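Okay, so subunit A shows up in both of these, paired with subunit B first and subunit C after.
Right, the complex of A and B next:
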């Protein structure tokens, strides 16, 4: 019960904080609109207007990933800057439960960008919003948020030891957009990319959302988001225990 | 002589001190890794959309990624004076303001060229991009002019950073807006009229067009108009940036708000 309270309290706090952050305003509203515009112009120029909704959903998911990535990169770094990292590690609550709300909140705030690109696409580019399975979509979005939030948690745990987590965040934005098929189908990429895409939650998240919106069988993709979330949680627990111990042993916890 | 020292030595010191990403741990993933994947992402997006060929995206993005240095590094090397609380001591010196201000651009331009050349290398390595035989010197000249004009935009942002509360928001936005408005990934004539009008007064637009033509084998003489326009835009932005710098310096002194955050 206490654990749930820690997660829920942290989640509410961080959703409110991130919603007021200029940086997250940029990643969840403005950048998805810019990337969606580029993609819309390209598919129109290439004579593929039938893919507009497909593109809008992909561009929205790009925003979710950016938000998750920068949120998880910042999860440790912000605590370091604010001098609260040692205090949080020293509290009786497991540190994993302190980090989880930050990454879940980042993914949740990122989900605003899905709504943003759909509204933007509809108003500016006339994207049709005929949803094939609206009920499945209502389930797919939280499943995707959970999948990405837990992937963010796994990333955040590895950042305990790495001082330059924000640089890694900058690096990982485009490759994950690419290999998870958010805008470009994975089948167009080299064959060796596909297995990588299978272990990344955005792949299944975007599939679940697209299959809900465009038609298909979204439930298996929704299930994969949740299975991967469980797997990420187990891995994150293990890594955090190891990395936290190492950082405490080396007295590098607060070094930034 | 003192002004020359401020220009060269002062510029280099400011760059080393104020550019946050200079450490290899930050520089490699951010200044090289991110452009690498940006180029691949848009080249594959172009293939998916069936628009243009890989060379179009390689040239457009390889030139635009200079913004990693020209926008971000330039903004930091000016605006960080305020964040690091060194602005007041700096402006208390009698140093020549023009040398003080423009000297910071030189390392940024050099760095922007490194990032762009790396972008072309990525295109060659992963996407089989080959500029036309003999086009490299002309392409280099176009690149230098374009990197200069993009740096001038960074100088404007840096100057605004002497006053604005969150200039890095503006720097991020500017970097990504260049992707949209300058014909980097969308053929310029496919953009709506108002976007073409905005794009035509931004740095990069004419430089990218010139670079594409030169890389495709056109002689430098056929793009001189584009190169001069790009240079003119750069000079105007640089002049505007310096005027803003002086204005905010004077305003900051008058209102005692130089380092108010």
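Right, the complex of A and C next:
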């Protein structure tokens, strides 16, 4: 119960913090509109109007991933910079439960961009918003947020120890867009890419959302998002225990 | 039983130099510090920048692992039982950082109340009481980014007390705060001890240590060079006289010549409003005014006065004369 309160209280706090950040909101609302425009023009040029919603959802998910990556990578560095990282570590709450709300909040605020892309697509490009399984979509979006938020948690654990690891997060943006099928279907990519896509939550998140919106069987993809989230949590828990002790040993908590 | 107990604490940092041929360098920040703080005591750790105060405090609050030695807080080992220690201590540091600026004081306090598992039924009253204690009642809904330095520091203290800790660590809490704000903060710190809390305070403001602390340990170059009540420390220089010389264009060679005057025990220089004030300690009864002025030949000299030594002079004597302790 106490752990739930720590996560829920932290989640509300960090969603509020991010929502008040102009920079974060700019990347959440403006970038998806740019991605969506480019994707729509490409699809139109290809003469396949039937895939407009498919494209819109992919473009929206690109924004969610960027936000998660930026939020998770920046979270630790930003806490370090503003002098709160040490204070957070100094609390008796397990640091995993302190960190999780930050990455979940990043993924949640990133989900704004999904909504933004759909509204933008509807208004500017007339994308039809006929949903095949509206109920499944209501479940798929939180499942996707949880999958991405926990993947962000796994990434963020390394940033506790390595001060400049968040620079890596920039490198992960485009490859993940490509590998997880946000830009083009994974089936169009080389065969060896497929196993990589299976262990990345955005693959199942975008599938769950597309299958909910366009038709198909979204529940297995929703389930995969949650299974991967559990796997990421176990790995993050292990890494964080090791990295937190190493950070106390190497004195990297307060260095900005 | 001591509430805080440090035994031969050491901490070495490993840094590296060079770009292509990187070479590891070990820096000893704390070199065998031992002290005890009793229940309800306000203990001061006094020392110049880089003396090892903050490193010592960070080992005690479980943020840093000691390279060797042991430390216990309320009988709990800071390395083996960090979570239990964290539950019972509060930590406040000075400066602008450590707050969520875009959010209000209330948001900041509520967040830390959750992290410290303060029961929901207690949170509202605890936060109201703390806002009252630090004088922020009525301003709690404003964003922290609009707060003055003093208000931020008071909010830091409220945050550090949110879980009603038995032991409070204050790391230079008044640094950069204006005189009126610093005086209010000192009153707040004094009230913590009146409530029965044990406080470890680090500072490099002598008057602050003098007015607040029951006992003081002076730390320099990672070692404790003296420990006692403010009165006991002052007594260490009771046999000295301090000559203050105001100088306007003081150069390094002038200071070196003053140091060379026979009978001079220690020399320090204060900068006050664009001028320098030389503080020269010498044995009581030894008249050095003329030799000192002769050593400063060529320097514009203003007011010259002799006075009794203060705690600050004791500190200068201890810190300035600790080279042998290295």
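Following the convention adopted for this analysis, the second predicted complex is superposed on the first by the 254 of 256 C-alpha atoms of A that agree within 3 Å, B and C clash if a C-alpha of one lies under 4 Å from a C-alpha of the other, contacts with A are read in each partner's own complex, and residues count from 1 in each chain.
One rule holds in what follows: a residue touches a chain if its C-beta (ideal position, glycine included) is under 8 Å from a C-beta of that chain, and two chains touch if they have at least 3 such contacts.
None of the values given here were measured: they were computed from a predicted structure.
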item	value
Superposed partners subunit B and subunit C on subunit A - clash or fit	fit
Touched partner set for A:83, first subunit B, second subunit C, both or neither	second
Partner chain(s) touched by A:171 [first = subunit B, second = subunit C, both, neither]	first
Subunit B versus subunit C as contact partner of A:20, first or second or both or neither	second
First, second, both or neither for A:249, with subunit B first and subunit C second	second
Partner chain(s) touched by A:6 [first = subunit B, second = subunit C, both, neither]	second
Partner chain(s) touched by A:158 [first = subunit B, second = subunit C, both, neither]	neither
Vertex subunit A angle, Cα centres of subunit C and subunit B, expressed to the nearest 10 degrees	80
First, second, both or neither for A:185, with subunit B first and subunit C second	first
Partner chain in contact with A:39 - subunit B first, subunit C second, else both or neither	first
Subunit C versus subunit B - closest C-alpha approach in the superposed model, Å	11
Contact footprint of subunit A on subunit C as seen in their complex	13-14, 58, 61-65, 83-84, 86-87, 91, 93, 95, 97-103, 107, 110-112, 114-117, 120, 159
Residue ranges of subunit A touching subunit B (in the complex, touch as defined)	22-23, 26, 30-31, 34-35, 37-39, 41-48, 163-164, 166-168, 170-171, 173-175, 177-178, 183-185, 188-189
Footprint of subunit A on subunit B - complex, ascending	21, 23, 25-26, 29-30, 33-34, 37-38, 40-41, 44-51, 166, 169, 172-173, 176-177, 179-180, 185-187, 190-191
Parts of subunit A lying in touch with subunit C, wherever the complex brings them together	2, 5-6, 9-10, 13, 16-17, 20-21, 82-84, 86-93, 98, 245, 248-251, 253-254
